[in-house]
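What follows is a pair of complexes built around chain A, which joins chain B in one and chain C in the other.
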Partner chain A sequence: MFFKMLSYDIYRGIWRKKYLFLPLFVLTIIFCQSFYYDMQSYQMMGICMESGSWMDYIALLFQGMKEYIPSPDNPFVFPVMWILIFLYVAYISLGYLHDDLTASGQQVLIRSGGRKLWWISKCLWNVAITMLSFMVMYLSVTVYCLIRGIPLSFSCTTSVLEYQLEMPILSSISVWQGICVLILMPLGVALALNLFQMFLGLLIKPWYSCGMIAAILLISAYFKSPLLIGNYSMFYRSAVLIGEESGMQLIIGALLTLVFVAVAVMGGLFLFSKHDILNQE
Partner chain B sequence: MRTCLRLELRKIFRSGWFWLVMGIAIGISCLSTMEMIRLTKDSIELSSLTMIEQKEYMVLSIFTKWIGCDSFTLGFSLYFFLFPLFATFAYGWSFFQEKKSGYIKNLITRTTRKNYYWAKYISVFIAGGLSMTVPMLINMFLTATFSNLNTPDVVYTYFSMMHGSFGSELFYSHPFLFSVLYLFIDFIFCGLIACMSMALSFFIKNRLAVLLIPFFFLLILDYLSNFLMMEIFHTEYNISVMRFLHPTPFPWFISGWIILGYGVLFTILTMGICIKKGTSSDVF
Partner chain C sequence: MKKNVQTANRTTISLKEVSKVIKKATILDHINVEFHSGRVYGLRGYNGSGKTMLLRLIAGLILPTNGSVYINNKVLGRDITFPESMGILIENPAFLDSYTGYQNLKLLADLKRQIGEEQIRKALESVGLDSFDPRKYRKYSLGMKQRLGIAAAIMEENDILLIDEPTNALDSEGVDLVKKIIKSEKARGALILVACHEAQVLEALADEIYVIEKGQLVDHIVLQTIENMEESI
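This part shows the complex of A and B:
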């Protein structure tokens, strides 16, 4: 029964919403094009002659922003690209639970034999759609790199990142560090935020939960704090880039992600067992 | 038409969601005031430590402290990031809801379509505008309780108004008029953003999309503003609605023509869709 329910969720919540991945694909291409413009201008000025790699584009996609120090001379300009990526991925996974509960999902819930399995199935669906969203982004970068002849390499080019991020990179970034910081951590943060958003959707209306995620992302950009999960998905603030003392540690990030996931899944299990499904709009 | 509008306005002010959104927006705008109170206290304490007789009071001007001139506090950052959501969440959902529930059929059979759609458009517009400007006004009044009314002076560096930006002359000569003008611009734009939700309700059957697409549209426009204006057109004018609705410009200049252009475009699009499509489409 559980696998039947999961396949139903994947069919209704992913396959029938496949058109939502297209804007993500196009947006990522536009982001890549802006990085390419910058690299071209550096090449034309003779500052940096390298064209970068696949991993450099991923690094720029999740660059976020440097630590913000509030002062009247330093206006806060939010990292729109980073926020757009995480917020759009959150939006893709936003409405399904609510839509399902107000439609045929109630019938499925009655036949499923228990609310726990129903919730776990929704959590797994959420994990799947988040992973798929990230795969669409990686695919988009891959397609762009293939068109422009950019090497599909997992290693970061130090000189390209130094000019693009406008900061010195003291030690080179290994392939493994790159994979952890640029692929696994943003994915983990997005997973945690999306599951948390789904959990909040049980307490408040889903559009308010999306507003809360938007606020969490903005506050994460404003404050550099190990307690704000968004910080771990910004390359600018990672310990790999700015050092162990001031940067965000991967281990703490992974632990915080696990806490978010645990709160969302367990809290959701508890809340959903008492949730009134008949009074939904 | 007047009865219809009165009914719609009554619905806004009796809606719990409208007051909830308004409460959240006011709370966030007060966050900026609280941060400013702390900073003002610090600067007064610092000023009392100096030996010079003539104290510096320009820094305490309301035109450096209210949310319209603040560019660095958390309250300001949250407010000018989330305002499209305030505009649409306040009452932008109502047309979608009435269409979905079938309530619209009861109204249209009792008045003309034109009356209904005009009344709905105006009420959504007013609710969207109020959700942005009322918290800003409250913030201004609260800021006035601990700041002075010094007219900005271009010699001082406390004011973040750039030369050549929209309304800069007015800001340095009649700052109150400038603030009122900007509140009016913000009212118009947030009203139009709310009306975008109403216009989208004609094409989209998903409430979340209706409420959130205007926000994503403005975010994408903000990104493109940087990319297009700096990289392709090599100008320093701001085409991002999210940026130019903040009275003092950053990081780029604000052009009055761009504001006017957007205003006309959004009005034509939203009004065209809501009134023209509304009066010609069948609700049954």
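This part shows the complex of A and C:
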């Protein structure tokens, strides 16, 4: 029964929403094109002759912003690309729970045998749609790299990142570090935020829960703090790039992500067991 | 596992001192009532009187603020999450747009695996829908959607049937069909609760009618049906 329910969620919550992945593909290609032009101009100026790798494009996609130090001559400019990516991924999963509960989901729920299984199915659906969103982004970068003849390598190119990020890179980034910081951590943060958004959706309207996620992202961009989860998905702020002392530690990021996931899943289990299912919230 | 026995199990639903408050508004107020198998109970009241909320409460979709709902002496929300054998049609039916009527029912039936293709098709035919109709749900008229909702509620031949405004969007032929279906469900021994604002429809269907106003059961009418007269003799 559980797998039937999960396949229903996958069909209704992912397959029927597949068109929502197209803007993500387009968005990623636009960003890649922008990086490519930057690298072309560096090459033309003779500053940096390397064309970068697949991993460099991923690094630029999740670069975020440097620590913001407020001052009169330094206005806060939020990292548009980074926020757009995370908010759009949150938007893709927004509302399904609510829509389902006010439609055919009620018939599924009463046949599911319990509210707990139903909630767990929704959590797994949420994980699936978030992972799929990231796979679409990785695939978009891959497609772009293939078209432009950029090497599909997991290695970061130090000189390219130095010019693109406008900061010196003190030690080279290993493939494993790159995978952890640039692939696993942003995905983990997105998973935590999306599950948390779904949990909040049991308390407040879906759009308000999305607003809360936007607020978490903006506050994370403004304040560099190990307690703000968004910081761990910004390459600019990772310990790998700026050093162990001032950078965000992977292990703490992983723990914070787990806390968010646990609160969302367990809190959701508790709240949903008492949640009134009405056709109008 | 296929269900062989078509008669419903004996079921009793009891509501004891049940109240429901939503956003400081009392939706249901100290409801005490008992329902038994093999009878059709009507809930009559104006829009917003609490009929649908009472059905939702019995279905386990909402939980009481005070009091308890017992299904065969099991407390709903504590011992069981939902009544174990229940079909519902509450407010407007909603199904997957891109599926046919049969596919929608198959998807739901597969969750419990109590019935097979034959029973699904039988349920569709019983509400006057062609079980081989290739049209998607989005192409259905309002009346067809309502019929599909009724088919979903009855297809598994459950012990409890909760139906809200069953005659919505139906023509006179459809209304007659609903009456026939409810009578056959009653004959099977199911416990049936029908909420409807149309007095005539309820009087034609129900053995007993409860009148609900502002969340309170204000009247109880036992209709002069043949069964009721036999019982009183």
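The criterion applied here is as follows: the second predicted complex is superposed on the first by the 278 of 281 C-alpha atoms of A that agree within 3 Å, B and C clash if a C-alpha of one lies under 4 Å from a C-alpha of the other, contacts with A are read in each partner's own complex, and residues count from 1 in each chain.
One rule holds for everything that comes next: a contact is a pair of C-beta atoms (placed from the backbone, for glycine too) under 8 Å apart; a residue touches a chain by one contact, two chains touch by 3 or more.
Note that the structure is predicted; figures quoted are calculated from it, not measured.
After superposition on chain A, the partners chain B and chain C are accommodated together without colliding. In the superposition on chain A, A:Gly211 makes contact with chain B only, not with chain C. In the superposition on chain A, contact is made by A:Gln106 with chain C only, not with chain B.
Of the two partner chains placed by superposition, only chain B is touched by A:Leu27; chain C is not.
In the superposition on chain A, A:Val80 makes contact with chain B only, not with chain C.
Once the two complexes are overlaid on the shared chain, A:Arg115 sits against chain C while remaining clear of chain B. Of the two partner chains placed by the overlay, only chain C lies in contact with A:Met5; chain B stays clear of it. More chain A residues lie in contact with B than with the other chain of the pair chain B and chain C.
Nearest C-alpha atoms belonging to chain B and chain C sit 12 Å apart in the superposition, given in whole angstrom. Counting contacts by the rule stated earlier, no residue of chain A appears in both its interface with chain B and its interface with chain C.
On chain B, the positions that touch chain A within their shared complex are 64, 71-74, 76-78, 81-82, 85, 89, 158, 160, 206-209, 211-212, 215-216, 219-220, 222-224, 226-227, 231, 250-251.
Of all residues in chain A, only 1, 4-5, 8, 12, 16, 102-104, 106-115, 273-274, 276-279 touch chain C in the complex they form. By the touch criterion given at the top, residues 22, 56, 59-63, 81-82, 86, 88, 90-92, 94-96, 98, 104, 107-108, 110-113, 152 of chain C touch chain A in their complex.
Remark: chain A residues 27, 30, 34, 37-38, 70-72, 74-78, 80-81, 83-84, 87-88, 91, 94-95, 98-99, 206-208, 210-211, 214-215, 218-219, 222-223 touch chain B in the complex.
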